[in-house]
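Each of the two complexes below includes chain A, the first together with chain B, the second together with chain C.
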Partner chain A sequence: MTDNQQVPFGSGMFQGQAKFVDYAHMNQQEVQVNTLDEPVTDTLLRDINMILYKLSYVIIPRMKETQGRKLRNWDLWGPLLLSLLLAMTLGINSNQSSDTIFGTIFIIMWGGSAVITVNAKLLGGQVSFFQSVCVLGYCVFPINIAAVLITFFQSYFGFFLRIIIVGVAFLWSTFSSLSFMSSMMNEEKKVISVYPIFLFYMFLSWFCIFI
Partner chain B sequence: MQNFGSNNELDEKGHVLNEQPKIKVKFEPKPKPSKCPICTIEYYQQFFNIEQRDVYMRIRCSILSWKPEFHQCVGKNPDLWGPLWISTTIIFILFAGGNLSRFLLEEDKKHFKYEYNYMYVAVLIVYAMAFIIPIILGVIMKYILKSELGVFDIVCMYGYSLSAYIFVLILCIIPYNEAQWFFLMCGLANSTIFLLVNLWDFMKKNKQTVLIAIPIISFNVALILCFKFYFFRLIYAVDD
Partner chain C sequence: MLDNLNQDVSILQPSLQMTDSQVQNRIRQMKMEDPDEQTCYQKFCNLFTIEYYREYFDVTTELVIAKVVNAFNPFSGTFFDIGGGIPELYGPFWILNTLIFTIALSVNIIKYMQLQPGEHFEYQFEIVPFLAIFMYLKTLIVPMIYRVALKCVSQDRLTLLHCFTIYGYSAVVMIPISLLNSIPNPAIQWMLLVYVLFAQTSFLTSNFNQELKYLPKEKKYMIVGLVAVVQITIMILYKFYFFSSFNYQQLGLVKKRMNTHILQHILGAN
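Here is the complex of A and B:
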């Protein structure tokens, strides 16, 4: 697992050998790529591909652990983009200070992911810190979709339809992250490691209902 | 060019000749004894050696508060999972439920203003009640009043005593004054009885130890007053 050293975003800053992850053919080839010389579009496209690939895992949650293994190449750009998008979407529509909302969402998302991961580790889970933060961040995507729908199509949605949309998004998010997180834990500790995730997504979903 | 004491011979330019095969030595750093063991994450590992059925049993002991079974449930294994996540659940319920209660009363539902301060105040109050107060009480009990219970036993007990409030606060969303007072009183009774019953063995030792009941009761009363007058206050007039 530690061999999969992902080339960090902005990889133009790092010279030398990099492992080229060929997502199209789903295997890794060790290629000496000097990432300083490649065009910027290549770097960006590679990272965007990586993000989209992981998002496809969130949209169609795979219950088999073997397929979820690709998610272990963690990155934090996806979660960052998603948290910014969520915080901005909820901030736009609110008739109050949007900076309070922005700050609150940001803190909940990153602080919450960190606390849940530490909780899982203390309970004896075989999970790497950043992998877990990455998965929790990516699984916020359905809640993002719900927030965007509610913000931009507000006049079409009554209160109850909002609750249904947010409810579906919340269940979707929880289910997506469940397949990854519960595979890391013992049978006897699954409920107590999954409950914080449930609470976390409920917290985030709640903001979408009333904004 | 400095000689670093290597065995390799160097030519005029300093390049290595006849390079010796390097023997790989696996370097395992010795764990440094930390000056502050409580500050490390590893110290807290011992408080998460529980399984879900232990958590169910402890919450059950707390809801059936009149039975002094908590110390048997816990044994020598106090946990911090319960205090942490029960208090976080209560914070969520205060934030979401408090705003929902105001929303139900609001006439002008389209211009409802969400009160974000509820979250910050809830974090302050609930974490103080679940961690800071029991740590102070635990230290006083252990080091001044010579109790056998450790500081973390008291923290664990306080954390689980708050579990009744989860149900009580959900019911307090109903925006009727009398109903809210009734539920809060039930929660107060349950929580305080749980703490007093399980500390009775300690309190009956002498006249000094009985006095520990006073701060326990007063902090619980202060807590429900905060709940009622900040989070679930019923405002019949729309205010800005």
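Here is the complex of A and C:
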């Protein structure tokens, strides 16, 4: 019987599909062996489900603040995959400086997320560091889609169509992260904590247009 | 309408009350000075906590917008009256980053417009790290020069942080100008450059003037002259490094030559 529930294993919690086991009648040893015994596909699928679950929150931006709470189980696999994908797709088309592009995008993504989070903390927000980095990383997903479209279907898109696609992706990303970030800050500091996010996504979006 | 009036006045009047985080900081300072209360961590590692720096980021949206709008006006000397003249680092830091972004963007737009019909456009990245280093160094060093000069004329009311704040906000004028700089007409580019020079210098001098009103004339002119000279130097560097058209090929060539040289060296070729 499969169940969507939060199941403790090892030292962490995860969400996703889990086989329902009767923990009351099982001892600690058996619980730990359970997850080691399972097939590798199960482990991978669990993590992939978690990533997809969070991505669904990005794709449908939820403006109500209570619904953004599910993103608080942070993980860094999603941002890592998305940043690698973005850096690779933007670096593919360049002849000479693909390594520079890869490095710049990777550093800007992680460094930018860190700087924005530290900024939010300095302005007095009660935001945990890794939650914020996780959310900012996941919200790059629309820009990823735009980059993949533009890179692989280059001949179909003229300059203005590119600007429209990238513009839509940029607005989508910003709205997705808005509900999470603005729920952390006071009313009077919302705009100044959201502006760096705007700048960050705009920087990443401009790369997509010119590549 | 009277409410709006009160609100406007309260932004402009220097406030004598301390804000929340300043009160907390004060309490913490008083606790810190009591040696029995301090742990070893508190004694030495306070520098690494976020709370130590919160004092410098004590701003609200209204305050930042009011300061930015004030910075666009080169003649009013009222910058230090906004929000009680409390120095902060939020504005300078993010204005600096926006500026780096817009200058990199406009350099690439200029290059895109100069493209020949058959060529594939290569986004020029190499300029971004250099630009970032130049901007950060400039924003760190120039306010120190100002502070030293103010100290020489024994003006102690403006601390180093005030100099950082006002210098950071004075760079706001460059943001729209650098975007407009991507227009290919050289006459327009020179006019924009002159305007930026004039606007930034007069903003800085009219604000420093408020503090220097009571000094004898030679000292005032010395400060004003120093501000103008530093600004002119920086503008000339901007123009001839970032916005001149012959530099793009040069940057490209330098990188290619470096690469082949290093490769030959590694492979032991002559």
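Methods note: the second predicted complex is superposed on the first by the 177 of 211 C-alpha atoms of A that agree within 3 Å, B and C clash if a C-alpha of one lies under 4 Å from a C-alpha of the other, contacts with A are read in each partner's own complex, and residues count from 1 in each chain.
The criterion applied here is as follows: contacts are C-beta pairs under 8 Å (C-beta built on N, C-alpha and C of every residue); 3 or more make two chains touch, one makes a residue touch a chain.
On a predicted model such as this, the values are computed, not experimentally measured, just so you know.
Applying the stated clash criterion after superposition on chain A shows that chain B and chain C collide. In the superposition on chain A, contact is made by A:Val118 with both chain B and chain C.
Contact with both chain B and chain C is seen for A:Phe210 once the two complexes are overlaid on the shared chain.
Here chain C runs into chain B after the superposition, and of 3-11, 21-29 or 165-173 the stretch doing so is 165-173. When the two complexes are superposed on chain A, the residues of chain A that touch both chain B and chain C are 94-96, 100-101, 104, 118-119, 122-124, 188-192, 195-196, 199, 202-203, 206, 210-211. Across the interface of their complex, chain A is touched by residues 21, 50, 53-54, 56-57, 59-62, 64, 90, 94, 97-98, 101, 105, 108, 112, 120-123, 125-126, 128, 255-256 of chain C. Across the complex, chain A meets chain B through its residues 94-96, 100-101, 104, 118-119, 122-124, 159, 186, 188-192, 195-196, 199, 202-203, 206, 210-211.
Of all the residues in chain B, the ones that touch chain A in their complex are 41, 44-45, 47-48, 50-53, 55, 81, 84-85, 88-89, 92, 95-96, 99, 103, 109, 111-114, 116, 119. By the touch rule above, chain A contacts chain C in their complex via residues 94-97, 100-101, 104, 118-119, 121-124, 188-192, 195-196, 199, 202-203, 206-207, 210-211.
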